């Protein structure tokens, strides 16, 4: 099943640069694994923000939640998940 | 996969009573079939309104959409679908 | 009477892990008691978040409030309670 | 159980005056019965509008819904029902 | 003149328990005085929250403001005041 | 007591010009009477709209409601009334 | 440049079936042309609604607008266009 | 003084094409006059909609209102006007 | 040109009383100067809050901004400025 | 492609004055470079706030994002980017 996932990163602006890089690195490593597993299909940046919009595919919302909550920035993000159905024109 | 489905019925107030009953009957018949198929698990009425909240289970959002769009009132409703993941306390 | 209870957990991200586990354990213990008492019927996780949606049944909103405010995370949560009426199709 | 009921009357402005009076009379008659039955405790007018705020008491949301949906203007209103718990200062 | 007053208490969750009790005691004492003076007529708890809905009566919004801003929790609350007109059915 | 009254005029765009002028004339006549009575103190136009913001003074919200509902456009308007308290700097 | 396009179809529910099919056919034909031209990359259905979310790519917002306003349902839709920037993880 | 003017055109979709063109022509003629007078400085189209964003300059909001309300589509539009102050970097 | 200015004061609740009084004094002194200069015409208190609604008159939004940003509480406030046009009934 | 960029500056009010000036200087220097490069065309101040509205032109949203995220205040701002299409009247 496909999902549109809108993630807003609220990591405080005064987080020490080193800690931020450390988290960023862990986030990218985990995201690469999710791509590998076919869960994460595409990411876009919302211009002017630290937010992203992701196109995900998972067995169900439970598997999606486990993937999203395994990302390094999870404790500092606000996420809105939208379920996507197949459009008739895509059949 | 489980979903919470919030349905607001906007059938115009001046719809002839006979037509309204006809639609209501067709809606109930189809809803019974969806129950039979295990898609529709529970319905609640939002007090003071013609809206309902439904607990559904479907293979994915595409199957859910086909079920919802097969209901008689579909052309007159506003629907918001929320994906539900399993809560750790339910394992 | 039935209620839909939407709980958003705002425990600060930098809460020491040990304190978070302590609260989580107390929360689960109390939730189990509420299940036992028939108040808490079902919990779902809103995917990508630390929020939950609960299906509760209580004598009235006062009993529900006492149950919700007895949970360990109560000082850090935002809760929205929706009253549910019986749907005609459930009679 | 107590409820706060916010009712917005959307009867079209060009409804014939006679029909409007007929509905108003039926609404008042039914409201008087609900008072009699102890369901409707107090009504206020939201100034500058055709909306009202009502303080109701009912066994549960199902009984409240039956009362509200029995009112003459029901097909033309938008209603928001808020559950009320007893405040500690009222014990 | 009557008002509906919605109060959300934002006292930080990590406020020392002793300080919270001290404020709560002062709040209750002052609320009792407002009842005595006929300003505060009824309080309800919004279930699952630290918010309340109050039915107040005051000469005007200035007297109401003086009453509300004299309560102990005032520096930590968000308040929305709604003016209430007499409903025709209450005459 | 003082109020800020925000009025949005939803008279349908295809209302016959003659009918619109008739209502406008009645509205102005009644508004002049409200000024005379000291109820209506000042009116502003929200630029680019058919909405207005009015500064009113009335004994209470009931008197204000009677004034507002006596205006010719009342059946076609949406009104939001805000109660105003005296500011300390105005004493 | 990439865009996320959210389209809500407000074609009145009582539109004659034949007219609706005619529009639907023209819409699909035009959508196929936009795919051919590389503008329309992917369409999803928002479950339970007649809305869609589209992933588009165009030289700029002007070219996108010309494409969207050339679709048959354009006079009856509400569209929200979101600009998308490339995500660092996609480089 | 400068303003940002957001205009949403709600001309019904089923307006006869001839009438629509007539209004459009009158709108463009009047807009050209406003440009000529230095009131209208720049117009953008909100992609996917019939809305526009305009950069206007007028003596004050009263002059702006007279200009906007003189446009042919005025009876069918929703307009939001935002006042703009000079930015320090533009001095 | 006239403006309606809605100011919400977010000075943290735990600001030392002495600092708060110091700021309040400076705020009042500057407000008196703005009255003197004809910029600030009237202030109201939004009951139950630390917010105010002000009726201002300035050459344009730039002059208004300079006045508002010169007030002592400016770093801690949220301000919404609404432009006001002259109402036909005020001519 | 043209964009409307709404920037709200949330730099904490208690930021040391020296640090604030340092950031402001860096922000202005970088903004001047963006003007030079033709990206930043015009800035307005939203009166009464620390927010701005900018008219930008960039190859696409990716180039715009790189420009905006290179500004000194970026870690402390909320930005909303709106894509602009050419209006027919500007051709």
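We just call them A, B, C, D, E, F, G, H, I and J in the order they show up, numbering each chain from 1.
Going forward, contacts are C-beta pairs under 8 Å (C-beta built on N, C-alpha and C of every residue); 3 or more make two chains touch, one makes a residue touch a chain.
In UniProt terms, the chains line up like this: A, B, C, D, E, F, G, H, I, J = Muconolactone Delta-isomerase.
In this text, all values refer to a predicted model and were calculated from it rather than measured experimentally.
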*Chain hops separating chain D from chain C, counting only touching neighbours*: 1
*Farthest chain from chain B, comparing Cα centres?*
I
*Enter the angle, 0 to 180° in steps of 5, of the rotation superposing CA atoms of chain D on those of chain G.*
145
_Centre distance in Å when chain B and chain C are each reduced to the mean of their C-alpha atoms_ = 25
*When the centre of a chain is set as the mean of its C-alpha atoms, what distance in Å lies between chain B and chain E?*
40
*CA centroid of chain H to CA centroid of chain I, Å*: 30
*Once you find the CA centre of chain E and the CA centre of chain H, what distance in Å lies between them?*
45
*asked:* Quick check on chain E: which residues sit in contact with 2+ other chains?
replied: 2-3, 45-47, 61-62, 64-65, 81, 83-86
_In contact (per the touch rule at the top): chain pairs_ = A-B, A-C, A-G, A-J, B-C, B-D, B-G, C-D, C-E, D-E, D-F, E-F, E-I, F-H, F-I, G-H, G-J, H-I, H-J, I-J
*Quick one: which bits of chain I touch chain F in the complex? Just the residue numbers, please.*
2, 4, 28, 31-32, 42-47, 52-53, 55, 82-90
*If you look only at chain F, which of its residues touch chain D in the complex?*
3, 5, 7, 61-62, 64-65, 68-69, 75-76, 78-81
*In the complex, chain J residues that touch chain G*: 1-3, 59-62, 64-65, 81, 83-86
*Could you please specify the touching residues of chain A with respect to chain J in the complex?*
13, 45-49
